[in-house]
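Letters are used for the chains, namely A, B, C and D, taken in the order the chains are written, and counting of residues starts over at 1 for each.
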Amino acid sequence: MGSRLSGRVVAEGIGTALLLATVVGSGIMGERLFGGNAGLALLANSLATGAGLVALILTFGPVSGAHFNPVVTLAAASQGGLSWRDASAYVMAQVAGAILGVAAAHIMFSEPVFSPSSRARAGPEMLFSEFIATFGLLAVIWACSRRRAPAVPLAVGAYITAAYWFTSSTSFANPAVTLARSMTDTFTGIRPADVPGFIVAQVAGGMAATWLVRWLVPSTPGAARDVVVPHDEGEAR
Amino acid sequence: MGSRLSGRVVAEGIGTALLLATVVGSGIMGERLFGGNAGLALLANSLATGAGLVALILTFGPVSGAHFNPVVTLAAASQGGLSWRDASAYVMAQVAGAILGVAAAHIMFSEPVFSPSSRARAGPEMLFSEFIATFGLLAVIWACSRRRAPAVPLAVGAYITAAYWFTSSTSFANPAVTLARSMTDTFTGIRPADVPGFIVAQVAGGMAATWLVRWLVPSTPGAARDVVVPHDEGEAR
Amino acid sequence: MGSRLSGRVVAEGIGTALLLATVVGSGIMGERLFGGNAGLALLANSLATGAGLVALILTFGPVSGAHFNPVVTLAAASQGGLSWRDASAYVMAQVAGAILGVAAAHIMFSEPVFSPSSRARAGPEMLFSEFIATFGLLAVIWACSRRRAPAVPLAVGAYITAAYWFTSSTSFANPAVTLARSMTDTFTGIRPADVPGFIVAQVAGGMAATWLVRWLVPSTPGAARDVVVPHDEGEAR
Amino acid sequence: MGSRLSGRVVAEGIGTALLLATVVGSGIMGERLFGGNAGLALLANSLATGAGLVALILTFGPVSGAHFNPVVTLAAASQGGLSWRDASAYVMAQVAGAILGVAAAHIMFSEPVFSPSSRARAGPEMLFSEFIATFGLLAVIWACSRRRAPAVPLAVGAYITAAYWFTSSTSFANPAVTLARSMTDTFTGIRPADVPGFIVAQVAGGMAATWLVRWLVPSTPGAARDVVVPHDEGEAR
């Protein structure tokens, strides 16, 4: 039996690792099978990522809330849904898991364990895209988790599939994912120099959505603890 | 805290903006990545729109009902599910949000903020398509919301994905969406001159479905208020 | 207010019409946009049909059971879930609706209202495909409706999307659909001469599945009336 | 009426047969329609398999638990969810059903009933892929079935669609499936010589996930019997 926090942190780490393996691995497979056709590679990448998110949030949600995303964890902590001590453990597990997931994808496809990305993703339209993408993601997560918690896995998977297509940045919307994707010189990579701007835009978008939903859907006391997906801290102990 | 109506109107505006950003943005991405292959662009566009609708209706449904569509709002008002005063506020928010969403998509993809569409969508077969598309959409919304309200987000998203393919007009089925799409000279645009015909066909299709479902599925008194998605006016106050 | 049976029959007719409009319309759109690429046309056709079925069964299920298929109706009648008088009214509405749906698709795409198909679909492997396709469809419908009725719309939509790909006949699995598709000389057509063989194979597959599920999942008395989707005859009156 | 175990064993056999017909049949259809484009064939194959799994688990889950996979059955037996006697009957039915399903797919597409595959799938990265694929699959199944049993069909279908893309082996993740796919010299085949390595990697991945989830989500006594999907042995008798 793990202690309560240890189990939740392991769930965040493994879940984020499987998420990154899905994102990066399906990008490599798409790139290889479709040759130069970036549209078809993105189609496979977006469907695999959305479907994978549905499965992973259903799987790890009841244990840790299935944040897999520092913006979600920080927003939850800012609303009292998580202690700041737990939040920092979550974020560390997410970053470590994300990096591990990139390595796993690379090993599955016989790539070097890590390779700095050379893919430029810069410019104001990219930053605006990340702001919108993360604003939308957090609005979906917060509003659904307060009123329709069982639908969160489907809502997040569907949203991300759409957002891969409707933003010019293909919606990273997650600082741990962004950092880890700077370590893969494949379809889903991002040049390390472009990471900080993405993270700033993501945090800004996430904060805006948190404020909006707090105004639109006032939380009831009991709901505050169950961010993203209702989970039972007692049983996950 | 917003007042009751203000929160619902903001939800309609932001939801419709994100819907248009999804429709127009994914159309631009598809057009760019697939070059001249309109079929693959439509595939990406239809999957992104359907998935986005599922997420957005789950998100904003509990607040405002997630109409995002003047035909839905007017049909609801005609059945007593909404006061006419609230209905006009909804429609204004939908139109303003839709236009804002087009601008957001254009900025994300470095296009001019607005550009009048040059894409012709005219002829009796297009009008008949919009009649059928909106008839089907309103039948889905009305029948599900009366008997299976929690399934409305999935039903609408699935319906629209299908309707992009089975109508020659690619199913606008929404006057606010039609008007806003006249302002984008990209994949999903419509020539301003063709907008009025589309709107007339949409209103006719919506009225026909409303009459049909009222006959097929007589409403129970309690259900009349919860058009589209059950929502709690008290809590959204 | 319609009488009880009239409402159910109208629901079967309109639902089957919209199903055929979806099947035939998305086939025409796919064929036109993808030129000679039958694989991509089938991809669009299978996704549109599956998504459309989810929406239509959610919509009309609570009214009539959303059979849309004579094999389903006859199987239900053979198990006492429907009187034989009602069953014949259902079948007539399904056939009439299916033919109407083909006409609607043709009008939306500026094709002649009807055109006999010249597409050959014959040979023992096609008949075996239709036997397997209908066996699987009826097994899904019967087992889900007895134990997991709310999941029937998703199960049927998912099954048909898969079955378009795993059978050489692309899974008609429905005599009303087969008959109506003989009247369209487009992507989804079938030569009139090949219709009778398909229907025999479909009925045989449906009967085999009905026997199997009756043995696997003995029905409880209360469940017998709610074939396909629980519906309330009293309210649909 | 079948005896309790006989009904469950028949459900495992027929379900696994339909699963293999879906996997192999959709692979043949994709290969034929898309010619040399392996990416598009995999897209059709992954969508058909995921959708088919959703339908089949919804259908047979309430009868037998819808394992369709010896690793799932052995993991369940190791946790006391199934007697070892029942487990061996399940595994035999799964293997026999899988082989039957390949034959059915071949007959539907006019291929020889069986044909040894010549497709090499070897090397450490393939074995690592199968370890990860089965680890993820069992984590999804175990965690969902303990806390969110009704979501298992969707979670498994979504996971497998994603895993076809994010592993270099395209995620067999199932010894019965692996064995049967050595008998088809088509898109989804695997050279008989590569089967044993796959099975060892799958069992190792499945054991690792079983241990992890037992630690993360301690089972409650009542849940132990309902592996994968809650089912009622009494009614399935």
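Note that a residue touches a chain if its C-beta (ideal position, glycine included) is under 8 Å from a C-beta of that chain, and two chains touch if they have at least 3 such contacts.
Not measured: the values here are computed from a predicted model.
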Identity of the chain that, by mean CA position, is farthest from chain B: D
Same or different, please, for the chain A to chain D contact, judged on whether over half of the interface numbers appear on both copies. different
So how far apart, in whole Å, are chain B and chain D when each is placed at the average of its C-alpha atoms? 39
Chain C-chain D separation of Cα centroids, rounded to whole Å: 28
Which residues belonging to chain B are in contact with no fewer than two other chains? 40, 43, 47, 154
Mind giving me all the chain pairs that touch? A-B, A-D, B-C, C-D
Residue numbers of chain B touching chain C in their complex, please. 38-40, 42-43, 46-47, 50, 123, 125, 128-129, 132, 136, 139-140, 143-144, 147-148, 151, 154-156, 158-159, 161-169, 212, 215-218
For the complex, give me every residue of chain B touching chain A. 1-2, 7, 10-11, 14, 18, 21-26, 29-30, 33-34, 37, 40, 43-45, 47-49, 51-52, 54-56, 58-63, 104-105, 107-110, 153-154, 157, 235-236
